[in-house]
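Below are structures written as structure tokens.
What follows is a pair of complexes built around subunit A, which joins subunit B in one and subunit C in the other.
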Partner chain A sequence: MTDITPFTTHLLQSMQAFVPETALIVTFLLALAADLIWKKQRHISGYMALAGFIVTGFLLVQQQSVTGITFSGMLVIDHFGIFIKWVILLSAMLVVLFSFISGELHQAYTRLGEYYILIVGMVFGMFLLTGASNLVMIYLAIETMSISSYILSGYTKFVRRASEASMKYVIYGAVSSGVMVYGFSLLFGLTGSLQLHDIGAYLQQHSVDNLTLLMAGIMILAGFGYKISAVPFHYWTPDVYEGAPVTITALLSVASKAAGFAAMLRFFRLAFTAPFTAVDADWTVIGSIDWHFVLAVLAVLTMTLGNLVALWQSNMKRMLAYSSIAHAGYMLMAVAVLNDTGVAAILIYFFTYMIMNLGAFLIVQLVADKTGSEDLEAYSGLGYRSPLIGVALTVFLISLTGLPPTAGFIGKLYVFTSVISAGYVWLAIVGVLNSVVSLYYYVRVIRNMYLRDVESQGSKITFTPAVLALVLLLAVPTLILGIWFGPLVDWANLSMAITAFH
Partner chain B sequence: MEIGLSHYLIISALLFSLGLYGVISRKHAVMVLMGLELILNAANINFVAFARFGGMNMDGQVAAVFVIILAAAEAAVALAILLNIYQHFKHVNLDEVDQMKE
Partner chain C sequence: MNFPILTWITFLPLAGMLAVLLVPKGKDEQGQELSKTIIRWIAAGTTFLQLVLAIILYFSYDTALAGVNDLKSFQFVEKVSWINAHLPMVGDINIEYFLGIDGLSVPMVLLTAIISFLAIFPSFGINKAVKGYFAMYLLLDLGMMGVFTALDFFLFYIFWELMLLPMYFLIGIWGGPRKEYAAIKFFIYTLVGSVFMLLVMIGLYHSTGTFNLVELMNQGNFMPGGIFSGTGTTLRLVAFMGLFIGFAIKVPVFPFHTWLPDAHVEAPTPISVILAGVLLKMGAYGMIRIAFPIFPDAFAYFQTLIAWIGMISIVYGAFCALGQHKVGKRDFKKLIAYSSVSHMGLVILGLASMRPEGITGAIFQMFNHGIITAMLFMIVGVIYDRAHTRGLDDFGGLAKKMPIYTGIMAVAFFAAIGLPGMSGFISEVLVFLGAFKTYPVLTVISGLSIVLGAAYMLWALQKIFFGQLPEKWQGPWDPTGRIYKTDDVNLREIVALVPLGVLVIFLGVYPNPVLNLMTGSVTQLIELMKPFIH
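For the complex of A and B:
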């Protein structure tokens, strides 16, 4: 009889590292039960979800010391993953807060229980994705988060365009993850393993058929590219972002993108680059396929198309959708350099992007609830009708452009620095030109708010103090992080190493 | 003639191509989902064939089981969403479900 003691010991150790995720599962179940018991309380599962997220946050703090490979190499717990998990958790908390005040979700619909429960499920899937280091685990995690987000994007099912959004999301999503699984199966056949580090080790020692490897790599990139909405896998983004409830759009644009980037970086670090010296900050690409170039082309396409198409959008949500494609392009530049400085730059960028993008979507939600429109026209004179909201939106948009003294500038600064120091000056130039283009469509909104329809300033829009506090909660950090960014940079530098040992 | 790995790989490549063709060319959403099932099953054949002929451990079979389970879950959600689309549009023709434009 075989001795299973080592296995059970490993399993118990793994469970210790799995505490935050376990907390999310418990939250999921408790929120479900609470929703069934207190049927009259609309937001009860939302409060449960928020409490569960806070508990998960406390457990994540304790995780800083528990790192390593868990569940026989299925999941890796490392500081890189924990940083991304913080981005996911914070944005999920903020989105739950947005949902409490969202008018859109409350129209003609009383049941919101499943909505919050699905958000918890989605966060659980994203947590798994940030740590996944096995091909099957990556697929499983992507599907866990995707299936929740398909339903969430069409949660207001009486709204025609939300239904359309969820249909487009599910069709595109299912096909791209199907193509990705086919790529996984090819990679499995080439290397004989599902573990990312074994795949990397095999590719390093043996030479495989280049065309097949390239095919498999491109198919897998299609799956990741879909999650982070990189061109040419971005077709779903504008329609889904426009049709889905604003809260879900905000969650998709930040958290789901962060998880996608985490999985993509871990995949490239472990499987397609030679990482086996833990101190080596520069990753060497395995095989004769120049992944730097493939990713750089992807980055250029993504940011250029995102910025150019955003120029003629008249719907604010759709414009922000294209802007989020462009931002994925900036971050892909730092992926293309494939080294640890690039990872640190992405982490810094993501943290700043989370705050400013959620802020912008919050204001879109508030304005849509008050005026019933998401068009740019609805923002005419907003700077006078509601001064605080106007100023806050200006801050967010300037930050999204990447001008000092805002958080967005710091994010862009570190991304461009990492790209230039890796020797990709042409890529950085394309990125800067793109930022200049983006200035036009962001400033157009600011112009609408302050220079048009000034006479309508009589009709003030007022918000409750709680809503204004929430706006300030996002606007003030956007400014503070633009000036006092030392701690964030230190944290990102501590988290940039992706665990590669076995 | 001995049936070997390459036979399975050819079948799976054919299934994948047919599935992708179905996804791209079909207008009816249910047909698109069927094309998707072909893509996933192509991946399954690959996983199982590699595990059987490549002298690898059970990983391939396990992966195939997971893909089957997730395909079922995804199809369930997709069909529920399509039912909702049908209630709004009275058809599930993908080309005509485009209220949102540039």
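For the complex of A and C:
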């Protein structure tokens, strides 16, 4: 009989590092039970979810100094993952808050109990994906978060376009994860391992068939590209973002993307670059495939297409969908440099992007609830009809454009800094020209709000103080981070090292 | 600690803006909107205080200290660490709140304060969304003043970008019929320029580890291996070109000038005044503060090209202004807008000469052009407010109807032509003196354009003031007598115009008060550039 003590000890140790995720599972179950017991309370599972997220947050704080490998290398706990987990957790909390005030969800002829529970499930999947360092784990995590998000995006099931969105999402999701698994199997066949760091070690010591490796890499990129909606894997994005409830669109555009970026960075760090690089140095790419270039091309395609197509949109949600594709492109620039500075830049960018993008979606939700339209025309004169909302949306849009003194500028500044210091001047030039293009469609909304319908001051739109407080909760940090960003940079700097195995 | 006068002068408009935003809505007994009046006077008070501070600054400025690339001889310096964060491979990001002035910036600070205050008076005529207007006006003022006082590149960039949004709104909300087009065109053109500036800023930071503009001028601070290290490398030439284009769009010089006529024509009068009076100067200021001294080797490489660009702008602008004589399409504002392109080309030519006379003349020309063009736009505003048209063909014989107005306008027009005894004359002569030594042929060609300038200006003057008064203007402007009691300029307009006119004549006779400010700094700048010029 074999001694299973080392295994159980490791398992128990792993469970200790797994507390935040465990808290999410408990939240999931408690919310489910609460929803069954207090049936009359529409939002009871939402309150439970929010409480659970707060507890998870506390547990994350406790983990701040932990770095470790758990479950036989399935999951990794490191500062990088924890930063991303914060982005996911904060955006999930905000989205739950948005859901409390969403008219769209209230009008939907469905119960809301499962809605909040599925959000918790989705966050759990994202947490797993953020730490996953094994090919199977990556796949399972992606499926966990995807299944929740498929249902959520069609949650208002009597709205035709929501059902359409959900359907499209399922089909595209199935195809791309199928392609990714195929890529995984090629990689497994080449290296004989599912562990990312073993794959990296094998590739470093043996030479493998380049074409197969390239194919495997690109197929896996298709899977990640689908999650972060990079061109040409972005086709689902506009339809799903337009069809899904605004709250879910907001969550998909930030949290789901963050998890996708985390998995992608971890994959490249562990499997395709050499583990032993000095601090403050470029990662050494294993093999002869120029991943820098592949990723740079992906970045250029993603931001250019996102921005150019956004120019033609007349629906706010659809426009923000394309804008989120463009933002994925900006961040891919920092992935393409494949070094720690790039990771820090992505972390900074994500934090700022979370605030400004959620802010913009919140206002889309508020305006849609009041005017019944997501069309750009619905924003005519908004700056006069509801001054605070107008100013806040202006701040968010300016920040999305990347102009100072807003948070978005800081994100762009660091992304371009990482790109330029790695010597990719051409990429930086494409990037800044793209942000000029983006100005045009963001300003179009500002134009409608302030330059059109100036005299429509009669029909004021008013909001409750709680709603306005929520708007300010996002607008004020957008401005503050624009002029005081030292702590954010320091935090990103502490978190940029993706644990490489020894 | 001394009184932080530069912080006050820069951020006073912000305080004014907050005050404006806090004014509650209210009407007095007669049903007049009291809040509008209060807002207007808050704005006037804020900018007046700013002007007072600028005058104090002027009198306590020590002309013996040079500045430019000498950290110790900057004056009224305020330096506080602002952002300090570490990043791998880039090093410590160290951004400072660093303000200070020298001879290159003092004239511009004065100009900004003068124009910002005087343009408040035509702003009193704005009746739509008054609160928003003055809030944006003061925010714009903050950005402009900040650009001229900042000595940290990052801070400079923030102020530079801060002006874009208020300007977009000021043109876009309170502008003319094609305001949306003009506003977005202005926004996009300027942003294209500034994103290149952003990249160069990041590159410079990567090469030196500092945003401090003064330290960036010291070639010894460039670390080996940085992307802009070395002299005359391709990347340095590209970077210089990026900066130059960014600033040239703002000046604007040919071929980046096409946003200017649109912006000027559509903008409301006071915003045209600020645009011509201050905003255009930022481009040229950016060149002498940033592009030239940080990349002297690249300047030397492109010197002749820059001189050519200056010359082409002078001639092209003058011809475009002349082209405004096509019957039916003659727009007074467009005429002045194109004359601005021509006159700012003169600044570029002066800078390209890299001679003491040329640079001094260029900076003085920036100052004078600011004053004179501000006057011209206010003058257009006066008749536009009354007649609601700017078509040159709609007028004639106004001299009899508006004698005082005619007098003021004659001063402004002769100053714009460069008549001796007016300030414009001195700066033009200085520019030509300097430029002739370096580029005799280009200077002669540019000099001929002065004749063109005289032609279009005199023609416009004659068209508006002499000849037959059209039938429709025979009666009083305002038969009810509520807005305009008399036909001639009213007190508010005189208060705005006369100080500018006095300044034009005074500096034309006795230019030393402004010239003395910059002599030391100009010499210092040339000493810095000299080793690189062949």
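Everything below uses one rule, namely that the second predicted complex is superposed on the first by the 494 of 502 C-alpha atoms of A that agree within 3 Å, B and C clash if a C-alpha of one lies under 4 Å from a C-alpha of the other, contacts with A are read in each partner's own complex, and residues count from 1 in each chain.
The rule is short, and it goes like this: a residue touches a chain if its C-beta (ideal position, glycine included) is under 8 Å from a C-beta of that chain, and two chains touch if they have at least 3 such contacts.
Keep in mind it's a predicted model, so treat the numbers as computed, not measured.
Visitor: If we overlay the two complexes on their shared chain A, which of subunit B and subunit C does A:I398 touch? Say first, second, both or neither.
Guide: second
Visitor: Have a look at where A:W291 lands relative to subunit B and subunit C in the superposition and call it first, second, both or neither.
Guide: neither
Visitor: Just checking: does A:V432 make contact with subunit B only, subunit C only, both, or neither of them? Give me first, second, both or neither.
Guide: In the superposition, A:V432 contacts subunit C only.
Visitor: So in the superposed three-chain picture, is A:Y353 touching just subunit B, just subunit C, both, or none of them (first/second/both/neither)?
Guide: A:Y353: touches no partner chain.
Visitor: Kindly classify A:V170 by the partners it touches after superposition: subunit B alone (first), subunit C alone (second), both, or neither?
Guide: first
Visitor: Hey, which residues of subunit A end up touching subunit B in the complex?
Guide: Touch residues, subunit A against subunit B: 135-136, 139-140, 143, 146-147, 150-151, 154, 157, 160-161, 163-168, 170-171, 174-175, 178-179, 181-182, 184-186, 188-189, 192-194, 238-239, 242-243, 309, 312-313, 318.
Visitor: Under the touch definition given earlier, write down the residues of subunit B that touch subunit A in their complex.
Guide: Within the complex, subunit B contacts subunit A at residues 9, 12, 16, 19-20, 23, 29, 32-33, 35-36, 39-40, 42-44, 46-47, 49-50, 54-56, 59-60, 62-63, 66-67, 70, 73-74, 77-78, 81-82, 84-85, 88-89, 94, 97-100, 102.
Visitor: For subunit C, which residues count as touching subunit A in their complex?
Guide: 83-90, 93, 128-129, 157-158, 161-162, 164-165, 168-169, 172-173, 179-180, 183-184, 187-188, 191-192, 195-196, 198-199, 202-203, 205-206, 227, 235, 238
Visitor: Once bound in the complex, which stretches of subunit A touch subunit C?
Guide: Those in contact with subunit C are residues 279-281, 339-341, 344, 384, 394, 398, 403-405, 409, 413-414, 416-418, 420-421, 423, 425, 428-429, 432-433, 435-436, 439-440, 443, 446-447, 450-451, 454, 483-486, 489-490, 493, 496.
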